[in-house]
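Take a look at the structures below.
What follows is a pair of complexes built around subunit A, which joins subunit B in one and subunit C in the other.
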Partner chain A sequence: MIKLNIQKTLTAASGKMNLHVKTTIEKYSLVTLYGKSGAGKTSCLRIIAGLLTPDSGSIEVDGKLWTHIDNNINLPPQKRNIGFVFQDYALFPNMTVAENLRFALNKNQDKKIIHELIEIFELGDLQFKKPETLSGGQKQRVALARSLVQKPSILMLDEPLSALDYEIRHKLQHYILQVHKEYKLTTILISHDISEILRMSDKVIELNQGKVVKQGTPDTVFNYKEFSGNIQLTGIVIAIQKQDFLYILTLQIGKDIVKVVANENEGENLFIGDTVILASQAFNPVIHKIG
Partner chain B sequence: MNILKGKIENINSNHQLSIIYINVNNNRLTAIIIDTPKTSKYFKRGKEVQVIFKETEVIIGKGISHQISMQNKIEGTIKSINCGDLLCKITLKTAVGDIVSIITSNAVKQLGLEKNTLVTAMIKTNEIMLSE
Partner chain C sequence: MIDWEPLILTFKLATITTALLLLIAIPLAYKLAYSTSKLKPFIEALVSMPIVLPPTVIGFYLLVVFSPSSTFGNWLNQSVGLRLIFSFEGLVVASIIYSLPFMVHPIQSGFSNISTSLSEASYVLGKSKIRTLFYVLLPNIKTSILTGIVLSFAHTIGEFGVVLMIGGNIPGKTKVASIAIYDEVESLNYATANTYSLILFAITFSILVIVYLINGGYLKPLNK
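Here is the complex of A and B:
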């Protein structure tokens, strides 16, 4: 378990911000940090990773103090056993995929892990290629594999999927969940995508202006609701048109665009960019085979 | 959305499907779902649920006696009618609370619906969703 109680004054574009995060993260859980840009999510990750030193507070991991500012304890990043993946893949361009992975090995570490990761992430066909010849999704698979070479106990993912299109995202979410379970990781993810968070996380910590404003299971944080309709999708409102007492909403659901009619009091409370649940009875849609 | 609060009175399941009988202020409503008490712990007798249906799925019949396959019939009087060019929004006062229906303006004219008309709101069993 990670016990976190940290404070740091950050200088953001809008001025000084006091980051104060107090929370606990269960061992082997997948936790998402959620919030607007500039809320302090990345700084929080960097502090846990030891890349940034808090002004005060402590970080305790499985009973061991990683940071305790009052007692002058602050372990360097390499002693924290953390894997890190960023939105940009940060691969070495002059090395092949396999070389990128091997470069992350510790001295005297068994090379078996490289084969294992190549297997899990299905990199066999790509292992002798240079990163520049790979697609975004492939590069991120390599970056994920590389972050696990040293067998970390904590995996940190800073919006790793936000530059990728929907199908590739789905595939990578699957890889992440697979290694999260297989390597018994405690995973901390930063994400803006509510459907991704609902699918993946055990817990959500919502930050705003450096403070924890909500935390709990994704259902409670996002006011998720289950309908008996059997068809339940999450989408984003991309257009709102009013006609008489009706609203015609255009929603993006995955890569599809759908239009839905909503009544006045539902439509009045919606804004472009809102995430919504679309629910329908299983009896209503018609099916037409196209492939 | 029309949202009514009720309690599950009975469940009739067969293979994948269940018909759920809900008591809403002593009116019996029915919903059909692809779930059974085995596949969802959430459908149990006595459980409080929200009964949800869309305004555009509420059929209006004039008067109170209709020989019709519709299982969910709720009597009420028209509280207000608000018409656009094509559609009208009708709010009914009923024993289970206010119910809103959206039907065509033509239908309102044909039936001669106006404030205080006695009507029956009807909703097909498969248009009703349940939620906690």
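Here is the complex of A and C:
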């Protein structure tokens, strides 16, 4: 279990912000940090990883103190045994895929893990390639594999999927869930995508202006239970049209565009870019096989 | 037939200077690139001084400091038996100071341009700073290091004022090619001066062309 209570003054574009996060993360759970850009998610992750030193507070992992500012304890990232996947993947350009993985090995560590990871992430064909020749999704797989070489107990991912298109994203979500279970990891990831969070996370911590505003299961954080519809989809509002006393909303759900009708009350409170849940109650779907 | 000694001396000086500079500049550039110290601007300014100061100023101060009649010069002479005035060793020390910015600047900007997530990724993987420097950072700034090496080498070849001030004109010891050219012109031996000049011109030109070829990506294999 991770017990986190950290505080740091951050200088952001909008001025100074006080990051204060107090929470606990259960062992073997998958937790998502959620919130607007600039809410302090990445800084929070970097503090847990030891890449950023908090001004005060403590981090306790499985009874061991990683950070305790008052007692001058702050383990360097080298000593925390974590896996970290950076937003820009941070693959070493001078090394091939296999060399990137081998560099991650500990002294005297069995090389078997490299073959195992190459297998899991289907990197066989890519192992002799340099990172610059890989696509975004491939780089992400290599970064994920590399972060697991040392068999960390905690895996952290900084917006691992935001730069990828829908299908690759789906596949990578699957990979993450698979290794999360297989290697008994405690996984902390940053995501903006509510449907992704609902699918993957055990717990969501929502940050706003550096503070925890909500935390709990995705259901409670996103008020998901309020809707007892037979089908529930999350989407983003991409257009709002007013017609007489009705609103026509254009939503992007996954990779599909859907037009739906909303009443005046619903329509007035919506803006382009809002994330919404589309639920239908009296439900009689037509299913048509296309492939 | 011309006397080859000044040319040989020039390249010996440039090679030794460049090799020592590389050893000094990598840690210095690393510190400057990643430091947030308030002293950093002052050290950066000091490193860059040889670019703006007339070489004679540097030569003059080195002369004052290293002269056996000064405290430091006297101490050097007494304790290690090193005389840096009018000696080849003195030229090496002067050249290192004089060419320092040409080695430090490219390497420092190489370090600064590398995404910090690369070294952070290495730290998270449990690798020490030294290991990260040699296996992650340096291999990825090869072109910057090469630029530094070549510029310092070429710049040392082109040295004149500093050498004249502190080295003088001792054949086989401090009479490098640039001094020899000046000497020949003074004695109205234009033909010899021309030969020296042409050789220097051709060599430095080729060196610079190679750098621009590599940095422009024309020689792919070296650019990886």
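Please note the rule applied: the second predicted complex is superposed on the first by the 273 of 291 C-alpha atoms of A that agree within 3 Å, B and C clash if a C-alpha of one lies under 4 Å from a C-alpha of the other, contacts with A are read in each partner's own complex, and residues count from 1 in each chain.
Operating definition for what follows: a residue touches a chain if its C-beta (ideal position, glycine included) is under 8 Å from a C-beta of that chain, and two chains touch if they have at least 3 such contacts.
The model shown is predicted, which means the values in this text are computed figures rather than measured ones.
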item	value
Subunit B versus subunit C as contact partner of A:128, first or second or both or neither	neither
Dominant contact partner of subunit A by residue count, subunit C or subunit B	C
First, second, both or neither for A:245, with subunit B first and subunit C second	first
Touching partner for A:266 - first (subunit B), second (subunit C), both, neither	first
Partner chain in contact with A:90 - subunit B first, subunit C second, else both or neither	second
First (subunit B), second (subunit C), both or neither touched by A:279	first
Residues of subunit A touching subunit B in the complex	225-230, 243-246, 261, 263, 266, 279, 281-284
Subunit A-touching residues of subunit C, taken from the complex the two chains share	115, 117-118, 120-128, 135-136, 139-140, 224
Subunit A - residues contacting subunit C, complex	49-51, 76-84, 86-88, 90, 92-94, 103-104, 106, 130, 146-147, 149-150
Residue numbers on subunit B that touch subunit A, as the complex places them	1, 31-35, 40, 42-43, 52, 55-56, 82, 84-87, 89, 100, 102, 126-132
